[in-house]
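Mind looking over this structure? Questions follow.
Residue numbering begins at 1 within each chain, and the chains themselves are lettered A, B and C in the order written.
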Amino acid sequence: MSLEAAHNTNIAVHEHEEHLAHQFMNRAQQDESYIVGMWSFLVTEILFFGALFLCYSIFRIQYPMAYQEGHEELSWQLGCLNTLILLTSSLTMVLAVHAAQVNKRILAAGWLVVTCFLAAGFLVVKLAFEWYPKYLHHLIPGVHFHWPHEGFSEVAPGKAELFFGLYFAMTGLHGIHVVIGIGIMGVLAIMLLLNHKSTQYYMPIELAGLYWHFVDIVWIFLFPLFYLIGKR
Amino acid sequence: MNFPFAPERASDFADKIDPVFYLLLGLTVLFTVLVLSFIFVLALRYRRGQNVNRKNPRHHNAILELTWSIIPLILGLGVFVVAAIPYASVYHAPKDAIEIFVVGKRWMWHIQHANGVRENNTLHIPINKPIQLTMISQDVNHGFYVPAFRVKRDALPGRYNTMWFTPTRLGKYHLFCTEYCGTNHSEMIGSVYVQTAQDYSAWLANAGQEVADKHQSLETLGEGLYTQLACGTCHDKDGIGRGPTLVSLYGSKVLKKDGTATIADDTYIRNSIFNPSDDIAAGYQQVMPSYKDQLTEEQILQVIAYIKSLNKSPEGTKHLANPGTTGSVSSKNSAAVKPNPLTPAQIPAATNAATTPSTNAPPKDLTPKNSPTAPNDATTAGKRI
Amino acid sequence: MSIQHAPAHDASVQHNTEPKKNYLNAEHSVASWLLTKDHKRIAVLYLISITFFFIIGGVAASLIRAELTSPHGHLFTNDGYNKLFSAHGIIMVFFFLVPSIPATIGNFIIPLMIGAKDLAFPRLNLLSWYLYSIGGLIALGAMISGGVDTGWTFYTPYSSVYSNGQVVATLIAVFIAGFSSIATGINFIVTIHKMRAPGLTWFRLPLFIWAHYATSVIIVLGTPVVAITLALVAVERVFPIGIFNPAQGGDPLLFQHMFWFYSHPAVYIMVLPSMGIISEVIANGSRKRIFGYELVAFSSLAIAGFGFLVWGHHMFVTGESVYLAMVFSLISFLVAVPSAIKVFNWTATIYKGNITLHAPMLYALGFIGLFTIGGLTGLFLASLSVDVHLNMTYFVVAHFHYVMVGGAIFGFMAGLHFWWPKITGRLYDELWAKIAAAIIFLGFNLTFFPQFVLGYLGMPRRYHYYPPEFQVWNVMSTAGSSILGVGYLIPAIYFGLSLFYGKKASPNPWNAVGLEWQTASPPPTENFEDIPIVTWEAYDYTTLPDVESDLDYPSLEGDGAIAGFHSGGSK
């Protein structure tokens, strides 16, 4: 849909040539290549996270109690807040892509900056209000791990470590993706503001958008799995 | 000089799978020779400069291609079935199988017979009797492999694997570890001795001179642990304690607190001792501590043997499982369910003192847990033999 | 069928003029190589790097064989031996076999074959080489500074808790190299989908392209799983998250499932591109279209698809459920069918061909023989009860070396010889090449055939010491390996010499069809001056004039007495 829109708007023939990498014959081929490439990349990303979701499911079935008690250590309110932040950032990303498609350079840069700030906000909530208190409470797997419910809990510390291991691994991997997203969007925003020639062409922003929506969707799965469905 | 082509064949399982092996070998030779001779003949016949008929070369031929797709398919399915049948039988040992327990640890095999006789890196078994091996590993993955029997199964940490076979030839055979387990992996080897029934009984009776408690069956040893660890405080025979009774537990269906049910097999009992909080029986609270640090894998096997023996009579009094042995009946029998005054909180301290002198189990491995920088087992690292 | 075949002397016109600009002499600075975005230069960089790692892996292999000459080896300690076979496995699998054909020959040839100026994402391609190199150097550093003794399979809990080697560094190295192959895979998928020359429909594609497409799909779907699995092992060594550690309630078998989910298909990453090369070479050597083109093309995809459903056959003795084991065994037998189809169809291609036994063809025919043995012995291991005996023995070692060396490396050698004139613009010494092919074939069989017997006798793999009755076969294997080593040295010499003293290659020294032969040797940076328009089917050898002298090297004086083409660098 976006391809059609772009072609129907204002891109003149000479611009086709201007933004054409040497290996492509025409813009249509170039655009489609980028889209196919990005989707292939997202497929690898799905499998990348998929392996972790598999681990999550297997141990969830084996140790439901550990998952329940671990889940109770997580704040669903903060999770909700972060979900809202990320959903909003997806919206601003869509607006940025649209602005780029209709050639509103400064507007696109603006929305990208907003998206960056939202993403950073997500990380602040994640690190400062979730991970750091867990560090203080000795819930990071390792020699300092301390399971406060030991003794009267039905969950052995090893299992709780397993739950928190998965929690940190999955949200951590997602967090790394958020950081990479901030980097990509930040660079694109600066290039837009400088009117760099590679961003006079909307495709890089569209690709960044695809990536950002993927990061968002991963969180949409992580949020209920860790924060919501602990209770039976 | 030794120039062997085939391993000795010393078990019923070997008799079953060797024909499959040779069938496959035949097919392999047939197809390889077929393909190679075709290539050889055709490549020479049609090489450049040869004056041969090259008219009407075909570029496809649906019937021909279908033929050589379907023939391998049918052959393959046939071999699959033939090969799967003996494999499936490995999972179901006959009822009268002699049960022997194997614990793999770096880098030796510990073997316990039902009457308590233990051996390291050797396994004595009688000929023409089905033998069931139940194995587990105390550290990393190991593989129990006797080429002459064509049997192999991994001994894994944290779960029991079983296999069975019937030895059919007397002799001494190689025992190998096949899952790579670190420095001395290739020295984690041993011998399997297949003996006549008489020799075997004689060996069982006299073996293990070095084993102090040779006259105690696994059940007795397990019962001793039951007493020392004061398991009876909670798991009494009447089922009125804080924990469920162990009488008739083995093999029964256990309802768990989370509403699911499970069969109380070896793995379940082992896990319930090591990780009591994983599977809590319905109607009970989680009060039991983990015995991970107090029991070795061998001792767990003894406890399981004892719990199994509690099934044999409704009162929970036990009989020795192995009437063929010459060992005397332990006088500790009647003490099995004697109430023990220790409270659960006192157990660790009490048991540490109690376990060590009374059992002859090898010292528990000091396995470096989660410390990548810990040196290898100090006694073996870098040692040349 | 409107191609090209101008009179033979057309091509010679330009050939004797000024040295033309090509991708090799376009620029000479070091930076022009290290920052190149030209797929051909990146392929050359890859070729140099994988050769380097092949040499290291090969030296490790010869040391292993030397040690196993005696039942009680005296060269290494137990730990030393364990580190040696781990280094051999890790380097050969992750740093040689996986990138070997796709990243070198595939990288070079795919755009040429489909009439494109480059891969779709040249910068990604360069990034892939850098990732590979960084990964390789980290792995090398880890092996020098203490080594790693987990074997290339990194089984837990040994790797995650017990091993003392440089496991984390090695895992990071493999992780990074995984992303290098993901980058290559994505690049190929997009290139093959979107960059084909006008008229080059899917069923006009050479089978080499089909094979690489299937390979790329496996890379894209499989590599991320093994990457995250190995990353989890690395994390477990630092933080005890316990996913694979039974002491904490984790599951070591889960690691094996996730590892083999990639690592079984990885075998097809190694052997499918090789099959693609074999199709090209057999078609050229027989001067015939590959028999049953469509079936061969689809069998590549079938292998890729089934390849993802058979990983459990590595775990028949771990005590997995008997029903699960049966399913995995059954599907493993099904994989044999597309493989068999390929072998039969290649054989049928030779029938009524016009066979030239040039060096690539010798390797290709050798491949068919060895792959047949390798594939059929795979069925022993797919057979449930037989696998109980053979699993984890030298039978497995022999089997996968027949597939990986006899398959992947023979294909690699066939392709390297076939496209060497295209890559370097030089002709190598055909006589020595044939001699080397024969030596490698003999040495290979002498090395690995005894290992089948050893496996059946029951010798476990990864054994430093072994019972003395196995010595005869081990000595035989070691003898073979020294012949094999010599066999590999000869190509290194004549290829090296050809760079300086080899005759100049014409655009199409093999008188082959395929777009890559329509441009100059070596090709110009832009590959084609005009993008060709394809109107013919793949392997359309019937339309080529049968030039008698073109394959006879002594008379190939670089005079281009060869079919010229209307397009490409020659005009």
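Please note the rule applied: contacts are C-beta pairs under 8 Å (C-beta built on N, C-alpha and C of every residue); 3 or more make two chains touch, one makes a residue touch a chain.
Just so it is clear, the structure is predicted and the values come from calculations on it, not from any experiment.
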Central chain of the complex, centres being mean CA coordinates: C
Pair of chains with maximal C-beta contact number: B-C
Mean-CA-position distance for subunit C and subunit B (Å): 39
Euclidean distance of C-alpha centroids - subunit A vs subunit C, Å: 35
Cα-centroid distance, subunit A relative to subunit B, in whole angstrom: 46
Residues within subunit A bordering two or more other chains: 63, 156, 158-159
Junction residues of subunit B, two or more chains touched: 275, 278
Residues within subunit C bordering two or more other chains: 238, 240, 247, 249, 251
Subunit A residues touching subunit B - in the complex, by the definition given at the top: 63-65, 152-156, 158-159
Residues of subunit C that touch subunit B when the two form their complex: 77-79, 82, 149-151, 153, 155, 157-158, 161-164, 167-168, 236-238, 240, 245-247, 249, 251-253, 286, 288-295, 316-319, 322, 325-326, 329-330, 333-334, 336-337, 340-341, 343-345, 347-348, 350-357, 365, 368-369, 372-373, 376-377, 379-380, 382-386, 388-389, 391-393, 453, 456-458, 460-472, 551
Subunit A-touching residues of subunit B, taken from the complex the two chains share: 257-258, 275, 277-278, 280, 286, 290
Partner subunit A, residues of subunit C touching it in the complex: 111, 116-122, 124, 182, 185-187, 189-191, 193-195, 220-225, 227-229, 232, 235, 238-243, 247-251, 254, 258, 526, 531
Contact footprint of subunit C on subunit A as seen in their complex: 21-25, 29, 32-33, 36-37, 40-41, 43-45, 47-52, 54-55, 58-59, 62-63, 66, 140-142, 145, 156, 158-159, 161-162, 164-166, 168-169, 173
